[in-house]
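Across the two complexes that follow, chain A remains constant while its partner is chain B and subsequently chain C.
Coming up: the complex of A and B.
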């Protein structure tokens, strides 16, 4: 309620150079204000936001000590804070400064000078009615949490973590898979420079493992995130491995495990056991038991691994673990998913032997792959000819509508890898368009042409038909003569990582139409998101190559740590929502609508409660509270009704 | 000592509020023993002129139910106000306009057209309509005015307390009467029912998930209603969250959703608008069209959201241009 003492009101009328004073007769408004009798001080200034104007404003406050201040000037978006800050310095709570926007709402849009006066008076009256009900707003601040959560342990997540650690910051990497490495570890060599991917990654993995600033949580997922920049609480569900940390990854248990399964790491081309690691030398090295397929868990019929383990590491009783992390920023580095081609019958994928996707071919050609890097056909013979189909499943409505921009170089790499093992093999790259942007990429393309890859232009890739014929594979399409080959590689594009939509909802950040995370600003803040303190890197921010992934990661983490300086205070939202427990019916609907998960249900008292440190004051709960128990500070129903009433009824 | 005098009066109402007094059952004997009923048109024969003859303020309390539709109702309300120490708006219609106030969605002209001309069961070849004054063979007949708008009681007289409900429960009535007799009254203007929403006391609130979203609105005729589960969680619009507690969950116990007869809580101005705002937040659809589709499931928006509180709503009824007389 308005206190009786809070009665003294100052009105400042700003001419905004001539922007306001040319249209609105401020003298007339001032006369009107004087006659009202409820405005104690009326001041006119030609440009209140100028240094001279601000001084004038401050001196008037010091002299007259008003309780409420109305600044009839421009939009509150322009200078509300300017005048609130000066008022605060004069010991007047910022909530008692009310702007009446007589520039955008009156002088700029009103030709009739008489009407302009009436409108200005109505707006000032509305401001007066509202400011009379203002209650002091209390400033709260808290020290930021400088730790950072990185979701995803691929190359982007790893490089981001190492960069943050160099700055002495603590980071957590939460990885869905059982060990770090992401998709880059499934590749042998990276074009155009043909760097050895495992050699590149192995020392970085060791560094991460040994870095005291980096905590790696694998086989885990983020289940919920509360809070805001500087103070997030992330809930993590860490699935049980059933093998404890004493495991060094010696693989002794693999031999004795009786269960053989398709390996996800090899994209189904190779096998693993029910106790497994992704690859030798993984970080962490600790194996995992696949509970759903392990005979111990199915019918208690086997404990071969227990006997085989030299370290006594098997622990069938291990439980899933829930971890809560308090972090200041979150970096999304969840990578991408390989484009699907199985929906295209004409491409023969999954039906014709020796038709592979590009990622599958990468596995076949990898030294840590199912054939230890030997490129061969299903019948173990070496292929004498390979056709690579570009843009498979891309640039079409049924698949990926866009160009991923990085598959062409991968597709061109097939020839390089094939010829390394089978020098006289014929390689045909069937394409409609080629993307080799940049001098090195273009040089790589030229090298492939020189070394024998035939780049064949198809006038319409949607006409490509792949069929088995006479023990070979026939590739046909518009604009080129049919070719017969032993192996076909379909160059697939990149789609958003599985779970991207759920993660975006959980974090309350926007996605692009293509499904990848949306940048805060495409040019100036490409690794930021729509939510302060949440960043994106690697392919989570859109398809890109390894170099760009890492660059994005370092950019994002640099951005994050430049803001999260330990010891720095952040001001908390002052205009939060509050729920009156005396009035709350506990209907929980505010919990449904709160985008920040700032409201919790107190079961004992049957009321909902706002966690003020998390509330951002958006007012959604206030608007939707059906019993009127939720109130937005500084935007109470009473204030808004008073303002509307003041505008409509004088 | 003389027993306190009590008047019970009905305006535009269905009689259910009076029935609720009868529903006090044997407790009514205590009431009758404690007070002197001097006016109760539905049950006993009294004359208005006797009331008019009474001294101002001599009636301890008048319980007035029903909305104000006619000049007569306004007249008696004013009379009782003058003669009474306390006036209690009894029931939803008196407090908020109630069902009769749904007529504010149409106009007096349209109501007359329907009732005196167009209704299939009406035979009115001379197109006679009620008039406030008519002369027949030199005799003047006067009728009360049929107002353009249905008012709630406090639109026409000062009201001391409100007993919400359609009708108020015997328990609330007994509590109110006891409080009045014992002089233990809350501040003037109070609504004599808890100032929290129905969810507070609803047994089903426990079954409401923290993430209630509705992707298809259902009516009780569409599904077999789970008798344990929160109606909103079943996709049925229940006005409970936007409705004051105190009814003892009569409808919920009958496996029917709350329709809002207790009106809003103190901190809410417009019950219907509030419920619409709430639904706006929890209705789910991927795009505008999908949301429109969900909204199509609300068959009778006015009757759903404003069944009892139309006179108290911010908009007050239909747009003014329908009032085209």
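Coming up: the complex of A and C.
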């Protein structure tokens, strides 16, 4: 049924410089349209998207002032916006421009010219019925919040924060651990250039500490995130340290603390006290009391640290703190976890002495490690031979099914580190595949071969058996002769950081099948996620080396700050869903199907409400609403029913 | 009946299947003109009523085409569509409509050949089934 107010319709038939007109006789279509009597203006142009065509289109609109515009031409994905923009300039709301796709869906796929005409007419008829019911689409915008939240204070988070700060943006780093640095600080040297990792990090840490644009919140976790791109509210729980900011990390309390515990920083290979920092020179320098293990908290039997502290920094009364941050974007830089190998009995990990994972070996070889960098066995002797097993726990169903791509170079580095301290030591790298992508990596590999590491090919790494024998370790497997060594290093891969699933749920972003955060687009938006304004960097986006980690961080933060310009407004989706509160029965079905948490329940009014700024306009709620209260703008039920009818009675 | 040309309506999502159909066009992959498309933003927008409405208005077959599971532009709209579809399909026989006249399938933006195949197969199926005569169908009620 035609609305009285929306009578005037213009139909534009585009020949697409013969792409359409060779197959579809546009004159015949024009005659058909004329005969209908409900199309006021019929225009034919040879190429409507050309400069001449656009001028022709604009002039026709200006002259005829149509209510409804049908452009029978190519796919709306090609030029809908082109013609909508011209219509907007002519004062006609974009919603009143409807494309009929007679090129991709007719002329290019239909040989029979008679049938092509009939199909084209059906599509035009459907477009006409639909466009007559179109309602104006309103542009909405809102001012963005330019602050950025970075979750994770490893190298990716740090570099992202410094980059944002350089642009004058305010950022918050929320770090789960008690100080910044992430996993890079647990390694001494980074292959292939053997750059000193603590030396690399230390100046960056001080820069972050002294930067007025960067607020660091450590020993803290994000507990909830509400809102949407340009205006998120993140709730943070900051755990009490029981040591106040006057602490300079002098470590006087460490000596007097009577409780000795395994150190997480040393991956259980060294110890720490119940009051501790991760490493000297950490940022913040402030120590933390491990409440669960501190004698003061357990039975009030000790306050040795209070007496030892020259600054009076100990504060047993400190409380956990809840913080709310208003930010425009969120960068996830939560890093990775070391792959597990304890489930593989045959690898002997955890059962045979001197069998370590690669990250553990890194700790042993680090000057800030449990043995101050001295590579030695449990009995304090230097190993005379070391076997490195590549892909330990990787590329198999019980472990990590994928290749992390960066462990090979770490595994090859073991020989370099061992020979530096024990020049005659024999090093065997047992591998199946070797991944040394890039010229520098490959040169590093060759150097290791030249300097004495023996790369031994195992035909099936799943056959590797590691056993203790005569005070040594025997490594056996298919395709090579058994090797007896003093120490074994299992080169483990990378898995998603702990808490990744929970964080993804909280932020409402997707994960890959491998468990890492899923990129919005693998090629064009690899550091974006499925949710606008939420970014990924470092290993949160998948296993990578330090260089890629930092590159991802800068890419992500660059994208974020280029969009979050202070004072700028962001345009919101126009084709959102809305819920008619008169019709809504409050069944909440729409809330359960909405993929974006865009619908909230108004307890007071007993109705569901769409937060239009979050809604992306998929229309799933509309299809599921049992009372017809939900409506998809520009894809209303009425429009679709009209289009169905138009298509079938064309 | 002799000159029967089936009418098939395909509800296609904007991001995958509509783009797949566009690509079929770019590659000049001919397919039956019986298949005509209605663009939705997401297959999750397809209300089962649309399918019934299409049959009521004379369609002989209806397809819902969306993104492959896991690839939905809106995360999971296609899965919602699938769940609704399964229920709908069960009910079709109660309306006197052969279940083969409705179909849900997934076509990615790059799957032009697949689009062509799915469209032609549906056209053939529906052609073999013959024209749909709905009991109690009153043409005058349909505009």
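The rule is simple: the second predicted complex is superposed on the first by the 444 of 650 C-alpha atoms of A that agree within 3 Å, B and C clash if a C-alpha of one lies under 4 Å from a C-alpha of the other, contacts with A are read in each partner's own complex, and residues count from 1 in each chain.
Here is the rule we go by: a contact is a pair of C-beta atoms (placed from the backbone, for glycine too) under 8 Å apart; a residue touches a chain by one contact, two chains touch by 3 or more.
These numbers were taken from a predicted model, which means no experiment stands behind them.
A.B. asks: By the touch definition at the top of the document, which applies to A:118: first (chain B), second (chain C), both, or neither?
C.D. replies: second
A.B. asks: Is A:602 touching anything from chain B or chain C once the two structures are fitted on A? First, second, both or neither.
C.D. replies: neither
A.B. asks: Which partner, chain B or chain C, touches the larger number of chain A residues?
C.D. replies: Counted on chain A, the partner with more touching residues turns out to be C.
A.B. asks: Looking at the overlay, what does A:77 touch: chain B (first), chain C (second), both, or neither?
C.D. replies: second
A.B. asks: Given the touch rule stated above, what does A:640 touch, chain B (first), chain C (second), both, or neither?
C.D. replies: A:640 sits against chain C, while chain B stays out of touch.
A.B. asks: Kindly classify A:593 by the partners it touches after superposition: chain B alone (first), chain C alone (second), both, or neither?
C.D. replies: So A:593 meets both chain B and chain C here.
A.B. asks: Who does A:103 touch here: chain B (first), chain C (second), both, or neither?
C.D. replies: Second partner only, chain C.
A.B. asks: Would you sort A:626 into first (chain B), second (chain C), both or neither based on which partner it touches?
C.D. replies: A:626 sits against chain B, while chain C stays out of touch.
A.B. asks: Need the overlap of the two footprints on chain A, from chain B and from chain C, as residue ranges.
C.D. replies: In the superposed arrangement, which is not itself an observed complex, chain A uses residues 593, 620, 623-624, 637, 641 for both chain B and chain C.
A.B. asks: List the residues on chain C that touch chain A in their complex, please.
C.D. replies: Listed in rising order, the residues are 7, 9, 14, 18-19, 21-22, 24-26, 28-31, 33, 36-42, 44-50, 53-54, 57-59, 72-77, 80-81, 84, 142-143.
A.B. asks: Of all residues in chain B, which touch chain A in the complex?
C.D. replies: 195-200, 205, 208-213, 232, 240-242, 245, 264-269, 274-275, 277-278, 280-282
A.B. asks: Flag every residue of chain A that touches chain C in the complex, lowest number first.
C.D. replies: Of all residues in chain A, those touching chain C are 1, 75-77, 101, 103-106, 108-112, 115-116, 118-119, 122-123, 126, 510, 530, 575, 593, 595-596, 616-620, 622-624, 632, 635, 637, 640-641, 643-645, 647-649.
A.B. asks: For chain A, which residues count as touching chain B in their complex?
C.D. replies: My answer: residues 580, 582-589, 591-593, 601, 606, 620, 623-629, 631, 637, 641.
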